[in-house]
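Each chain carries a letter (A, B and C) given by its place in the written order, and its residues are counted from 1.
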Amino acid sequence: MADAAHSPNDHGHDDHGHGEHPPHLAHHFDTLHQQFEAGKLGMWAFIAQEVLFFSGLFAAYAVYRYNHPEVFVYASHFLDTSLGFINTCVLLFSSLTMAWGVRCAQIGDRKWLITFLWITILCGFAFMGIKYVEYKAKWEHNTLWGAGYHPNEEAIEHAFSHGHGKDHSDSHFTPPQEPANVRTFFAVYFCLTGLHGIHVIVGIGFLFWLLIRSYRGDFSPEYFAPVDFVGLYWHVVDLIWIFLFPLLYLIH
Amino acid sequence: MNWAMFAADLAPKSFWLPVQGSEVAAETDVHFYFIYWLNVFFFVAISAVLVYFCVKYRRKTPDQKPLPAPSHNTVLELVWSILPTLVCIALFYVGFIVYQDLMEPPPETFKINVVGQKWSWNFKYPRSGLDGGNILHVPANTPIELTMTSTDVIHCVYIPAMRTKKDVVPGRYSKMWFNAHMPTGQTTPLEYNIFCAEYCGTSHSEMWGKLIVHPTMDDFKKWEAAEIKSIDLKPPVELGKWVWERKGCKGCHSIDGTKGTGPTFKGLWGMTTADHLVKNYSTGSTRPVVVDENYLKESINEPNAEIRDGFPSPSPMPSFKGQLSDKQINGVIEFLKTIGKDAPPVPTKP
Amino acid sequence: MSHEPNGYPPGDNYLNRTKGFLSWITTLDHKRIGVMYLCSVLFFFLVGGTFAIMLRTELLTPKSTTQMPQDTNYKGQHEDFPQKFLFEKDTYNQLFTLHGAIMVFLVIIPSIPASLGNIILPIMLGAKDVAFPRLNLWSYYLYIGGTICFLVTLATTGLDTGWTFYTPYSSSVEYSHTNVIMATMGAFILGFSSIFTGLNFLVTIHTMRPAGMTWFRMPLFLWALYATSIIQVLATPVLGITLLMLIVERAFSIGIFDPKLGGDPVLFQHFFWFYSHPAVYIMIVPGMGVASELITTFSRKTIFGYRQIALSSVGLALIGFLVWGHHLFTSTQSNIANMIFSFLTFFVAIPSAIKVFNWLATLYKGSISFQTPMLYGLAFIILFTIGGLTGIFHATLSTSIHLHDTYFVVAHFHYVMMGSALIAFIGGIFYWWPKFTGKLYSDNLGRIAAVIIFIGFNGTFFPQFVMGAKGMPRRYQNYYAEYQPYHRASTYGSYFMATGFVLAGFTLLQSLVRGKKAPPNPWGGATLEWQTPSPPPTENFYHTPVIDDQPYNYDRQTYLGPEKGWRDDHYAHEWEDMVAHHDIAGTGNGNGQTNGNGH
């Protein structure tokens, strides 16, 4: 999306009578302001598109939760709330550093822009790392989607003795009755978090692209649009997680 | 107001619609023709105006200017916005009223269960336990309620004469009702078509059933008793042939050697390891198998276990496990023996 | 003679500025991208059309000789029908699936917006290009990516799910043995192509209008594209996620739509139609925009009720989001939901009716010329009226239940999608052809083709209304002999229509070889694209235009004969430059173009 802004090389053939362009103004725009407004509107339209893209899965979530509330209450025990919470914090913090980075780009502070981009990228990796730990546990516990859902004892104990398990760890443990179609929850869980994870990875890619351009010194107080737009994208990815966390982890 | 009478006057021999099998159908037809004439009116009016303007205001010289005319007129624009709105709301209201008749069965109904599977219907009568196959028999002037489900993909029961249809969805039960109407003086059963209206694969366009309307409940009960008796008393070969005809085998397996979606039944019995290769869907391995009782029984219950080489894998055939009684399966086997490899030629008319 | 404003050499235009295959596939010029879209779309129209003709040929004869029982209309057919199908059952199912999928995803949805819209929209706006030229090229690459997926589908096991991909048929390998994943992947990619095009247009219209062009001075084609873009950006992602879920379901049995794993197959239908109903407006609204342009230009008269037409496009776009449930009237949806969706569906009729009335009022006291594009414009009004009016049967619950999934629906949506959207597309091609190719075609051939298509179209689809009302279900290869007369009529109609399309194609191709040079404004159009040379220069105008009036002011125009076309006094400056550049036949020499007939 951020290709609203073109580097001068892309439109170098633009040599007929427009006079001197500012270096980052594409040939078909009259002013940098017009170009920025176009890019910004484009980004917002793209974000609207993203929200609707996710809305399909959220609608599926709503339908199944409305039809089978007991499945969601039961199955959310299998999710690790503390890891989810840490991930929420990591993403929130990365949003802060991203916003700060945009500010640095606006005032032309290249050194801090680069620093903040690095922190944001590391947060992105941290998020994905924690996600990996969670997925790995699901894999080991056989709590996957569809026919892959047949949790072993360890998984059930892990899910239901957690929290009050420490007080009477040796007393015999009876898990609650399992409702039908718990696998549907995991289908929704993996679709939602998987798609979100893909968005985080794409975001990290964009951040690296910004980083390269920052090292190259492309951004200035007159031209910081790409940083702004990637920032918007990153906030949306963050925002989606803010919805996912309570909807999936905090049911019981 | 008697809608049905009105409908009969309006469209005694309708050009547009199939025969009316119920009073609700007649009500629907009134509505259809009302919208139809409304459409005709608007279409003729619009076309006439269009043609008139085109002729009257055609350009005669290349640079002819248009006559002075306003570029908008608030009153006119309001009229042609509000008028269609009112017409539409009226249409919606009437349509909804008739729709309620179409959808809401009376409290007391005669219940029949329907199972849709590729590519046949199975109509079951819970009161008598009769398992009726692809032909739906009902008494006239009785509200009939169908409780329907599917064992594989989505199907749709469509009875044009009753002007009703409803999807048959796997994993849930859908309901549909109608009350077949019997013209006075009619003493023999009436026959209507049943179609599958939701695309369901290879033989979707041949998933045809029949609706037989018996004039009275007594007639229906007589038929039902006779049917139960005849199925029970059928010798195995006859029973097997009945299963073949009624339970959906016929759609894919011919008995005259024609290649269908599945292998023909002609000459199937008695095939040996020399000429009968089968493939296991899960393992993909191919091996020769003798066609005997065990093989046939297995193929009916688990179509994917041993698929004849050269036919689609996985098999499009649904499992008939639980759908056929042991007696019926035995009947099929006996029937197949009569048209087997070494059997004398038999007449192929079903 | 060597007056060269803006440094353009004489005879320079977007087609000849650079040459070679590479210069096309790496171009950022919206006109070239539009032309590439046009070629691709027309190619797939040919493919989808061929499938349609094959289907119609199969349906000439039923296999069954059984008559429909109890039918009062049965005329007693005793012909000997061939007992063999032309195609295998599975082949037939693939043919109608691919016909539908190709026509919807590869032809109609990109037809007007992505091809004609790309070529014309920035010029109509007086802009040099769309807001994001690279994104525009990327959309085209995505389109090509999607078409490759469809071609791979064709080359492998095909697709037999129906273009609607209903679950669980499509989501389980047990039921459909075809390459569903590849086809849905294709549709998914095409969806993003469509989203990016819409996004591009949305931003372009918002931020790049020329000085003086307020929202209500925008040509109606732009209003239509604006409304379309809103739908593309807001509805298509839902298709994207739905298809993604379908792919995941089929590949990993995730259990969202599969009833055997606790999923809900009907949920898919809701998701699918949440996009695919608005998609109908992605198809038809741009068509209405084209029709508005055609009717005003060829009546030489300001469009009647400009604001009403403009706002009704946006109205349609918005209402379009609220009516998807009318595709589920028979699929176990609750009666309350059916009632609400039926009620809302009726409101689609109002903006549609308003547009038709306004077009009629535009003709009133006009100076109507029946050149080829106008014939398509008039055909559009008639066919759209039929398509729209028959929609009332489907909105009304009582009749809808009977007509659902029959040929009545098939006829209805062909009147809307083909009779309206595609006819407008063809009309638009004939209208703007001289602009973007710089060539005039034979108007007589074009008119004959238009009449043949119009007659053939009605011959094909009107009988389908009759058999549908009589209960003929759609997607049937085999049928009762009673329906045969209608099927026959329909098939013969389709052959006739196909002839018309071949002739129309011939007319256009012939113009490329032997056509005369087109003047800047051959029809007397008032919008901006006619105030620049045909074909336009790379950056569209010699001077950035300034707008001071509503878009359809025909009073300032003078007719200078067939070779020079029409001149607009307001853009006299531009005209002088065009004369200086030898863009107008007979006003210069040495630009390498054919100068009319020996002037």
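Just so it is clear, a contact is a pair of C-beta atoms (placed from the backbone, for glycine too) under 8 Å apart; a residue touches a chain by one contact, two chains touch by 3 or more.
Being a predicted model, the structure only gives us computed values, none of them experimental.
Central chain (C-alpha centroid nearest the global protein C-alpha centroid): C.
Set against one another, B-C and A-C show the most C-beta pairs in contact at B-C.
Once the centre of each chain is set as its mean CA position, subunit A and subunit B turn out to be 48 Å apart.
If you average the Cα atoms of subunit A and of subunit C, the two centres end up 37 Å apart.
Within subunit A, no positions touching two or more other chains are listed. Counting partner chains per residue, subunit C has residues 263-264 touching two or more of them. Across the complex, subunit A is touched by residues 5-8, 28, 127-135, 195, 199-200, 202-204, 206-208, 233-238, 240-242, 244-245, 248, 252-256, 258, 261-264, 267, 271, 539 of subunit C. Interface residues of subunit B, counted against subunit C in their complex, comprise 13-19, 27-28, 31-32, 35, 38-39, 42-43, 46-47, 49-50, 53-54, 57-59, 62-73, 76-77, 80-81, 84-85, 88-89, 91-92, 94-100, 102-104, 152-154, 156, 158, 160-161, 163-167, 169-172, 174, 190-193, 195-206, 210, 261, 312, 314, 316.
Taken in their complex, subunit C has these residues touching subunit B: 68-73, 89-90, 93, 160-162, 166, 168-169, 173-177, 259-260, 263-266, 299-308, 330-332, 335, 338-339, 342-343, 346-347, 349-350, 353-354, 356-358, 360-361, 363-370, 378, 381-382, 385-386, 389-390, 392-393, 395-402, 404-406, 466, 469-471, 473-480, 554, 558-559, 562. Within the complex formed with subunit C, the residues of subunit A that make contact are 1, 3-4, 6, 10-11, 15-17, 26-29, 34, 37-38, 41-42, 45-46, 48-50, 52-57, 59-60, 63-64, 67, 145-147, 180-181, 183-184, 187-188, 190-191, 195.
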